[in-house]
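Sharing a structure with you now.
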Amino acid sequence: MYHENPNLKYVEVKDVPHKNILGRVGRVSSPLPLLFNGSGIEVVVTGSDLWIELETDCDFHEPWVAYELNGFMMGRQMLLPGTHSMCLFRNMSPDVPKKIRFFREIQAMGEDDYTKILVKGFKLDGEFLEVPKFDMKIEFIGDSITSGEGTYGAFEDMDWLTMYMSVSRNYAYMTAKELNADYHMISEGGWGVYTGWDNDIRHNIPSIYEAVCGSVGPKINEELGTAEPYDFSWQPDVIVVNLGTNDSTSFVQPPFDVPGMGTFKQRLNEDGTHNREDDLKVEKAVIDFLTMLRKHNPKAHIVWCYGMLGYDLTPVLTEAVNEYRLTTKDNNVAFLNLPNTLEGEYGSHMHPGFPSHKKASILLADYIRSKVTVQ
Amino acid sequence: MYHENPNLKYVEVKDVPHKNILGRVGRVSSPLPLLFNGSGIEVVVTGSDLWIELETDCDFHEPWVAYELNGFMMGRQMLLPGTHSMCLFRNMSPDVPKKIRFFREIQAMGEDDYTKILVKGFKLDGEFLEVPKFDMKIEFIGDSITSGEGTYGAFEDMDWLTMYMSVSRNYAYMTAKELNADYHMISEGGWGVYTGWDNDIRHNIPSIYEAVCGSVGPKINEELGTAEPYDFSWQPDVIVVNLGTNDSTSFVQPPFDVPGMGTFKQRLNEDGTHNREDDLKVEKAVIDFLTMLRKHNPKAHIVWCYGMLGYDLTPVLTEAVNEYRLTTKDNNVAFLNLPNTLEGEYGSHMHPGFPSHKKASILLADYIRSKVTVQ
Amino acid sequence: MYHENPNLKYVEVKDVPHKNILGRVGRVSSPLPLLFNGSGIEVVVTGSDLWIELETDCDFHEPWVAYELNGFMMGRQMLLPGTHSMCLFRNMSPDVPKKIRFFREIQAMGEDDYTKILVKGFKLDGEFLEVPKFDMKIEFIGDSITSGEGTYGAFEDMDWLTMYMSVSRNYAYMTAKELNADYHMISEGGWGVYTGWDNDIRHNIPSIYEAVCGSVGPKINEELGTAEPYDFSWQPDVIVVNLGTNDSTSFVQPPFDVPGMGTFKQRLNEDGTHNREDDLKVEKAVIDFLTMLRKHNPKAHIVWCYGMLGYDLTPVLTEAVNEYRLTTKDNNVAFLNLPNTLEGEYGSHMHPGFPSHKKASILLADYIRSKVTVQ
Amino acid sequence: MYHENPNLKYVEVKDVPHKNILGRVGRVSSPLPLLFNGSGIEVVVTGSDLWIELETDCDFHEPWVAYELNGFMMGRQMLLPGTHSMCLFRNMSPDVPKKIRFFREIQAMGEDDYTKILVKGFKLDGEFLEVPKFDMKIEFIGDSITSGEGTYGAFEDMDWLTMYMSVSRNYAYMTAKELNADYHMISEGGWGVYTGWDNDIRHNIPSIYEAVCGSVGPKINEELGTAEPYDFSWQPDVIVVNLGTNDSTSFVQPPFDVPGMGTFKQRLNEDGTHNREDDLKVEKAVIDFLTMLRKHNPKAHIVWCYGMLGYDLTPVLTEAVNEYRLTTKDNNVAFLNLPNTLEGEYGSHMHPGFPSHKKASILLADYIRSKVTVQ
């Protein structure tokens, strides 16, 4: 018959003596908000049982979480609104140190001002030990690809729902694991560097980059200060920008009315090529974003990745990266094709599936190894 | 802000008009007890949301469950004692049919007389549609390998806990999926055909095969009739027996005292070979078990598989299978090596990991295809 | 006891009624000179036996040849100087059509003015049937990578010898086979678009592109007219240029004295970046070469590939490709990274091995499929 | 212009101071006859050039040879009757030691009393160095599978010709290489342990095992003493018998008239099962062969492998192996399934292709590692 472990003691996040926090955090860090795809907490504990205390909320887009035990992913589940006392393991050999990483599977959800995950603390009957150090720090910035959309779900599934997103089967996470890297991830499905896929120009990542978590709404901001400026105290060794796929799509989509701002449309010429003025808007956005990234991350190697859903924007992106490099004399910037998703490598919703993410992570980890000396 | 879907209606399992029940069921089928590894329920529904209503219990060994949406595994989690209203999906396109399979990840737990999972019903805002037919029926009988022990967890993890078991990354499940087969699974970690790994001769699968779920204790039996005779109305096309690994181990383990029965030990000769008398005990158990299987399953092709953790018992098993065949003139029985687990293919607790299970399932599915004409 | 087949009849190449000629040919086509990597002849015959009549020569760099029967590579061997009557198959079922492709494994050998392979004709006891049509035409232009250097040989082997080259295990050939493409290959190990790896600026591919086979010496030219202008009657659908790897290396190599021309050296700045003037020399060479390619191949899609041995020159190459595109308004040109060679994927002489070539061919074939409508 | 290397000196095989001879040899060892599949010679030399001097003959079935340089296969070719001075490499760095293994690709050819390959000696401009030692010795005994039939050629190719055989892409060779093993191979396509595939009972391997090379005819015997008793001075650590596939086929083939011996036919019962008397003939042949193998190889571990083309004969083979084991108390004998060839893994002539051979070699090498302590 089930008895609660009488030796469990509760430790608030702020009182956990050793922990790795993964992902950006703003003013509020206890309870610890998991704001982004991959945001999480890692601890090493003794004891037989470990519980994590959570508070969650949502309207339409429920949060999903996952956790790893000693580097192996044990569980993945949906969390509906409420407070949760979630058991991460029970009855393990108490003296053996166990490493647990608990993380958010889904991107910051601007579409749902209620979606949130707060880690309040842990219950355990052991001690917190020192956590392992990482070999480097990587920031990933992207769109639905970096949000892992399509890495879960059957090929036929076409709904746009959080359950199809993941960090766990996503190139960014796999790259970071391969390199033993701490990481930040900032990605929004459908967004671009200049415009969203549907010509909604509000959906550009640079506009939210300087806030703690700029894509989420007023309710979350009020509670957690997500709209406040991010302090950039966490300085990555490498910034991987994987943007352009939605900017490319906007050229073949109808115009979009942004209330109060006008109607926007990236145009094609009659021969099917891009309108040059509109390409230059994207290029300006790239250059401005690189400038912004450099301002806040003076030493990071910045690699602009692109290609997992087609190579059409390569000329525009390379032109912009080259112009930035020549104008600024900043040579610590590069462009890199990631391999296109082949037939049989798709996941759900016509997005790259696990095999495509795996392939990209192998190439990208090799690239980063060639650029960064492990600390 | 979260609002419960007001259109959800509750349907008890017994009132679900179309469903596939996976795994053995006895007297009680509503609520539906998920007694074994892989026991589950499959439905096809319309509507935007689907919830499953569960009642669970345990002492030491908590249940784990998983579910697939349209054939893709979406979630896997621990369930502690209580009643659970578990959301399987929300906000999907209501008109598109969705196939959901919900299943138990862990074997029948004789070690914990409280471990149980009952499916009481579903809440949905759509309709139950017809469920797909299977192409064949397979019964899998085995030990920890068939319980998927080690298919989750890091290589270093050595605890014996339910979280390390799975059906989802297990050769039996993968074989059944590859063949579009309905299946039953009956497996107990550490058990053999004649004796358990530690010379506890009570831990032999034949002794529990004829009951609904013979390995679990009196409390579960009282509630669900698990100790009652199984009716064998479900007739498999193929029976896969994967036993022998623990019988082999018993030869190198110390004697075991079974209270009231005596001390047992499978012996080695001085030259390291098996004591012949003790081999013959295993052989008799094999022959008796084949006879029992045939009695209850007159038309099934029976294949005795062995080898995923070494080939030592091949002579004993083949001798027994051959003797059974010659004595009974029953030629619908065969022996098949499954490939040994190689370095790099192990999961946790020195058990076959996912790559080993995958390899075995490919070989076994090919074998079954050569023996069974799809209906 | 061996008897020569009395029914063999000899047919000169010029009298073979149906054949596919692979690779560039100039004034002399019977005997057919196999001038380049991959140059070859393909026939479909009936009859039991097929022989090919060859004349070969060399000084230091002996030719290697290979052949496929029905698309499967059967043999690969060295040929020393002389005339050879080489049996391709014997005693096959006479009525079954057999497709044979015989080809040169090694690049055009400017280092050896004697290296040559001439196909004079066939001996057979059957008939020549129609040969299969190709779905597209591809021209590959490159350096040692496209010459398949390192695709044969052990990792430790460091000599620069023809036996280590191949077309058969080379990305270009695999790409063409995957796409059922006719191909031309023009590649020279150590050469670049502006300069060779050692700053010998004579070793640039554009300087030889407009001749039939511009890299080979006076003796071969006298005999076969290799220095004469190529007529560009064969118009590819796609041109794959895989150059830049040696241009990149030249920046870290010592100066090179070209007799009568001066001393050349691509320079690094003190901070390790490229000297801008020297980068611009490469860029001018790229732009000029694209212009030359376009002049002779007005409709081909041109893709500049790069990356199998590192991505260092990406900025220079993309800048040049973009400038060419913008200046000329020629949008039928693109840049594409091929994946870097990873640890474990190297062949001999620190060159990409078969796994790297295979990986590149998969990516490139996918790219070409997206650009070319099969005829 | 080609000049023969003036520093080449000729060394007869018998005078080569260091060499590994692969495969059985009888009375005549200089010139060295390459009698079997895989028979060959391995040397390590300095110098820039190496030539091998050969004498070959054939009627219908021409020999094929291949060679490896530093463990990598460089060439494979047909040899027609005559004497050949075959260059193995030229112009290599003279001081670097080079390991060359030259070997026969095809089985002993009883069908052609002329087929032969003699290695007479080497020409070189360097020295013979010590050759590497092997870690173990393995004898492979089999049929067309062990002769590598189908490992070359397109899936559609159905002729029975030597060009489709190989040692280089064959499970036996790959297993030996993986284990750094010296090996002998004795295999004949179509043969069994009791009868050939077509009920020609003369085609059983035991009948030829005790002679040097018992399957070849009087002409070769007269020259090389192939019919003389083999001396079994080479004692393997492991004997792999891969026989039974043709014995199995004989049950579904028509009767065969053996001149002067009668008509033979392995019979099926009316229900499609094997006639018991005929199964017992196979079993007797297995037991007798095991007895013969043990007599000549008292310490070898003998593993009877079976399954690459179906598992039908498993009961018969296991019964025989078990009876041999029980009767003789010889426990150093085992049975092992090799994995069946799956769709997509076939080579030519409906035989296992390279992927199937590779899969088998991985399983078999693992098995042998578990049985043999490396010397």
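Going in written order, the chains are labelled A, B, C and D, and every chain counts its residues from 1.
Going forward, contacts are C-beta pairs under 8 Å (C-beta built on N, C-alpha and C of every residue); 3 or more make two chains touch, one makes a residue touch a chain.
Because the structure is a prediction, the values reported are computed rather than measured.
K.L.:
Most remote chain relative to subunit A, going by C-alpha centroids?
P.N.:
D
K.L.:
Give, as an integer number of Å, the spacing between the C-alpha centres of subunit C and subunit B.
P.N.:
Their C-alpha centroids are separated by 57 Å.
K.L.:
At what distance in angstrom does the C-alpha mean of subunit D lie from that of subunit C?
P.N.:
38
K.L.:
Give the residues of subunit B touching no fewer than two other chains, as numbers and ranges.
P.N.:
Where subunit B is concerned, no single residue meets two or more other chains.
K.L.:
Every touching chain pair, please?
P.N.:
A-B, A-C, B-D, C-D
K.L.:
How about subunit B: which of its residues touch subunit A in the complex?
P.N.:
Result: residues 1-3, 57-60, 62, 69-72, 74-78, 80-81, 87, 89-93, 114, 152-154, 156-159, 161, 163, 348 of subunit B touch subunit A.
K.L.:
Could you please specify the touching residues of subunit B with respect to subunit D in the complex?
P.N.:
It comes out as residues 271, 273, 307, 310-311, 314-315, 318-319, 321-322, 325-326, 331, 334-337, 339-340, 342, 362-363, 366-367, 370.
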